[in-house]
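Contents: one structure, followed by commentary.
Think of it as A, B, C and D in the order they're written, each chain with its own count starting at 1.
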Amino acid sequence: MRQNNVSAIIDLNEPSDALLPLTQFRPVGTLPFAGRYRLIDFPLSAISNAGIRDVGMFMPRSARSVQDHVRSGDAWNLDSIRGGIFTFPYVANKDYSDPANRRRYYDDYLTFLRKSDSSYTIVIGARNVDNINVQEVQQFHVEGNNPITVLYKRQLPDKVNANEEALNISDAGDVTTIMKASEITPDPVNHMVPMHMGVYFLRTSLLIDLLQNASQREEFIRLPEILHEALEVYNANGYEYTGFYANINTIKRYFDANMAMLDEANYQALLFSQREIFTKNLNEIPTFFSKGSDVNTSLLGTGCRIEGQANHSVIFRRVIIDRSAKVENSIIMQGSKIGPGSKLNYVILDKGVVIGPHLTIEGTPEKPIIFEKNMSVLRASDIKKGVQH
Amino acid sequence: MSTEMLAMILAGGQGSRLGKLTKSTAKPAVPFGGRYRIIDFALSNCFNSGVNTVGVVTQYQPLELNAHIQNGASWGLDEKNAGVTVLQPFASREGEKWFQGTAHAIYQNIDYIDLYQPKYILILSGDHIYKMDYEAMFNYHKAKKAALTVGVLPVSMEEATRFGIMNTDETERIIEFEEKPKKPKSNLASMGIYIFNWPTLKKYLVDSYSTDGKMEDFGKDVIPAYLSHNEPTYAYAFHGYWKDVGTIQSLWQANMEFLEPNNELNIGDREWRIYSKNDALPPMYVTKSAKVNNSMVVDGCYVAGDIEHTILSQNVKVGSGTVIKDSMVMPNAVIGKDVTIDHAIIGERAIIGDGASVIGTEDDIAVVGFQEVLGKEVEDE
Amino acid sequence: MSTEMLAMILAGGQGSRLGKLTKSTAKPAVPFGGRYRIIDFALSNCFNSGVNTVGVVTQYQPLELNAHIQNGASWGLDEKNAGVTVLQPFASREGEKWFQGTAHAIYQNIDYIDLYQPKYILILSGDHIYKMDYEAMFNYHKAKKAALTVGVLPVSMEEATRFGIMNTDETERIIEFEEKPKKPKSNLASMGIYIFNWPTLKKYLVDSYSTDGKMEDFGKDVIPAYLSHNEPTYAYAFHGYWKDVGTIQSLWQANMEFLEPNNELNIGDREWRIYSKNDALPPMYVTKSAKVNNSMVVDGCYVAGDIEHTILSQNVKVGSGTVIKDSMVMPNAVIGKDVTIDHAIIGERAIIGDGASVIGTEDDIAVVGFQEVLGKEVEDE
Amino acid sequence: MRQNNVSAIIDLNEPSDALLPLTQFRPVGTLPFAGRYRLIDFPLSAISNAGIRDVGMFMPRSARSVQDHVRSGDAWNLDSIRGGIFTFPYVANKDYSDPANRRRYYDDYLTFLRKSDSSYTIVIGARNVDNINVQEVQQFHVEGNNPITVLYKRQLPDKVNANEEALNISDAGDVTTIMKASEITPDPVNHMVPMHMGVYFLRTSLLIDLLQNASQREEFIRLPEILHEALEVYNANGYEYTGFYANINTIKRYFDANMAMLDEANYQALLFSQREIFTKNLNEIPTFFSKGSDVNTSLLGTGCRIEGQANHSVIFRRVIIDRSAKVENSIIMQGSKIGPGSKLNYVILDKGVVIGPHLTIEGTPEKPIIFEKNMSVLRASDIKKGVQH
């Protein structure tokens, strides 16, 4: 019943080039998702639901969106008199040639971990869509043989990229190495590959040792690499996560994961589970569906005005779909406006995009067309401003 | 601590004319407009008008109201040496303090008010839907050097017979007050909104309760006393949308008006926002089989049926084959498949079983109470 | 919402044995130890034990208690779907709900408790000074498969005659309860701390109030009923500092014990901190003429006099030439020049004029009440 | 009665070399002051007391101490549903050679100012100890003839350094230029010089214009310089501040300002005025004065244990002065410990310094000896670790 003696580390410096232009001014962790959330809501909620109150966040280059969203952490009960959010400021990659910056990197982690006085630490990214039961992971870890526990999700090889990381699991069930997905033999029964989720659970004292050892080295080595190495030295317990999972590392994955939420089973399983997904609270008016509007198989935020059609789409708050406009298979972020008569299919609009009247914009399921934040697309010639890759 | 003007919201009414809807909750906590509770309007008006210290006086089923108001942060009413305080009955060495009427409720909370040493006190009702700038009324009160200013709404002469009517002279000073006059002399209806100079009001109340104790009600007792003692009492006319939602009929009517895109209340105006306690709910999901027209829907809703000229509040579930028309569904209601709802109000956490019907008419709105269960169980999808 | 164990703190007592100190405030809001109010101990124990949902039941002069507790954030009791709620009397369609006794207060708040669907309920008193891990008691309760576990304190046999005494068998099961026995058979005194299985307790209460309504008090009614119905009832012994501060004498005594550097309560232990509502006050200022020995002083204090074996609470001012010994001064008291205070408790916001004396003895502590003014006005320095 | 339509800008990047080593890991703005406060509490409280709820903070290199102290801003009512604290991340000085960083500098300010939708803006530093009535400044500004108002404090020339900035005030009462103090003729009557407090009040629209113009320039120019220039172009209204004032720009000033608070009149005037000084709330036990302790003319925080002597000193929370130790004319920051029998005179201990038993450390009023954070001074040979300059 007492709060868990676990602290959490979230590193928001995750590779994001494959998600451009959506990640031009934000890290992967604050990508809007499913009409209401940001990706970082998933790890923060998992942490909060496990009663964890000490969270260290390694801030990305563009920290504004993280600060705006997380604020004092009150949405996740992280503004308590005990614990709270501890942020590590961003250091440009090249600056790690400076030994003072290297030292600060390790010192930040070590200071946080010692201050938390926790027995265990979970290290978790901000790019996964999932709903992890951290208390169950802790239980699994305590009963396991190895000093580190690592999480995996079984997936079919054709659903993953050959270069993505998978776990090599011994017959005894220990995780011995991390390999490319293409190098792992799929399970003979279900034909699946255990994909590395990038989530580690271990004793805080061990993590402190690992960081201290790394700080003695000549070359700079980041926390994910430290854990990767440690896993191969010590072996790890492999905890299988079985719920909804998406690893948002490409535009295609981002698009597909949003579309997957339009499947009612996924919507219910991920968002209405025992373990609530928390996010920043907003004061917004109801969404108005006018006479003659036509909406099907869609998620919508509040504050929208829908006069036209929306079909199989994810629509964030304060979006306007004007009369006889039609949005299909698209993601429309906060505050975007679609002018009368315009047709969108396989399109992603970042926040505040304005689409003028009577335009037709058509992407493909493989390559949706993306319009950057606050862009105006008022005439047909503007459509080429969209990015497709 | 000191504040120039403190507001007291009288939220104590049992609201028995709302029938089943207020069986287990206070009237100001009744949901409105999909996203709000009635008291949100008074609280938001306070914040938007710069009134940062608010007492909410309540004594009837306050659990939901307390849970809603919490520390007032949702309305910006959580500043140091200010903020919102829920005031309930309590016992003292002098005995138990139950509230007997609007003015008596203020008398019983003199200790609270005096903590802030206000010069003025703003008396509000917790069950009206409106947007009003109390600062403008306050400036009027000071300009008129009034002891009491009464907020009044110009109504039609026919309607005037149903209200407390203020008859004024050419300076807007109130010279007579008539409760529901058969032949009204003016059309200025009292909104139950008052600004008093606090020291004067306190003296009237304390004097009364140390003698005959007759100052129970503002309309019946205090205003007549002020008039008979020649206290400068003025009428401040409010022009705008204002609705008392004290009956099933008016509550339904106000919700239907709220649906109008050009509704005078203008809920979307971001310069005068109405705040509420917001939970972080999942986005609404509109399924393949749904049809939603001329309606408002909010987060947490799951809609598989046909929704026409209707408001769905947070976390409402509507099964497929169901048709809902001209209705208001309150938060967390679960409505099964093939249900027919027409001209109705469905209470919070009500459960309407598959195939059931709830049919009212424009003059006789059907009501399903809070947590009421109608028809057979809803099938798990 | 659901929580495994919910705590209810009974903070409703009028505390009339504290005389002037509780004339206008509830006992749990009485200041203690310079920096605390009595209820801080129960609230901090809850947070430290992982109990995150707490109802505080009160009906007597709750203004100060409410202002102190606010939203519970000071004690970490402000989490979503949890937190602290102050529960006061209210009216329902069935009438007005006044609390008649400890068990009746729980009965009246069944709706609140059921919001959280707890399996267990922890009953606490709001007027004890102690540090206790309720989680350890909870584990004991579950291990014993008890319907009720009573927190007991081993006392000396002489003292046992003043308490409710639990007589147990060799398994620590309670077989008999005696209120203030002349010839005690055991030394296990009830601390007024109970863990009940909530569904069972609820059934007892509901059955009683639908028939004879006799389940008013836990000690007098509920425990005897549990014993006579053979409900498994166990005694959990607490070892550590525990003090009921229900009288002037015991309140003074507990404050003096608090001053002892090796006090068993160990207030400085950062592993089990006692939290309180903290205002950001200026640092304490000790002037050239001051002498402070064997005393505790906190922020906001101004000390120009001679302080010996005394606790000064927040914002206390002590003029030059004044001597205070063996006393406890509550927040915001202003003590003038050349005052003599000895064996006394000075209430909140009391004013002691220049040259005045407040002299008590170890057996008869002098008391100055809340806001009481003694002697002539304090000279402005 | 409604909240003031004013926003505030606090730049925490103030020169701090003359305050080393106290400013090694913190900006001037988070220097502990008077046993309880940080310097930034003074501008934040002035802002809060005026009902201002929109605050832009330009973060310094070491942002941790600012974040730890300010948090969500709730201590100053800055965590409201409207407004709040908007932080501008630190950019290393040299990086302003990069046009992207220059652009971001101006964009940050402009975004904040536009979002605040305020009529007026106050620009204020974090290095002053004072208690400004911003509403009175606003009133003064509205009634003044010039588009900018600047604050000054009259001081005797021997209390200021010749190079500090003073205001040149015309006979008509307008501030026309900023000059060195030594260049200004003191007032013939009171012999004082109007010292520039570095606080400006102006229309937000004018500030936006100034920033936009600056962003067009070739060379980089910071906000204080922009305002300095504008003052000379437009002239300014000079608002005289008459309360307690200290400009903390050297160790000596820091030391003297703390000692000044031991004067009862200053303590009362600054800390018990109508305009409360807010600071972060702390949960701390009472300070215990043991039998035989001897404390005079001192400020103390809570959580201390005083067994020895303290005379004319400023003592922060959780300090231990052991038996027969003696502290005089010193500043002892949070958590420091002074061993039995040790004597300190004219000493500044940063946080967490441990002084061993039976040591004598003696600085001078002009040059107090400073010991850095967490330093251990266990034997006589360690005393030379102290800094004196």
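Assume a contact is a pair of C-beta atoms (placed from the backbone, for glycine too) under 8 Å apart; a residue touches a chain by one contact, two chains touch by 3 or more.
Please read all numbers here as calculations on a predicted model, not as lab measurements.
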| item | value |
| --- | --- |
| Chain at maximum distance from chain A, centres defined as averaged CA atoms | C |
| Selected interface, B-D versus A-B, where C-beta contact pairs are more numerous | A-B |
| Approximate Å spacing (C-alpha centroids) for the pair chain C, chain D | 42 |
| Computed distance of Cα centres, chain C from chain B, in Å | 38 |
| Inter-chain centre distance, chain B versus chain D - centres from mean C-alpha coordinates, in Å | 47 |
| Contacts with two or more other chains, residues of chain C listed in rising order | 73-74, 275 |
| Multi-partner residues of chain D (each touching 2 or more other chains) | 81, 278, 283 |
| Chain A partner contacts - residues on chain C that touch it in the complex | 4-5, 47, 49-51, 73-76, 78-80, 135, 138, 275 |
| Contact footprint of chain B on chain D as seen in their complex | 1-3, 77, 80-82, 278 |
| Footprint of chain A on chain B - complex, ascending | 33-35, 74, 261, 267-268, 273, 275-276, 278-288, 290-299, 307, 311 |
| Chain A residues within the chain B interface of the complex | 34-36, 75, 264, 267, 271-272, 277-302, 314 |
| Contact footprint of chain D on chain A as seen in their complex | 63-64, 67, 71-72, 74, 79, 81, 87, 89-90, 283 |
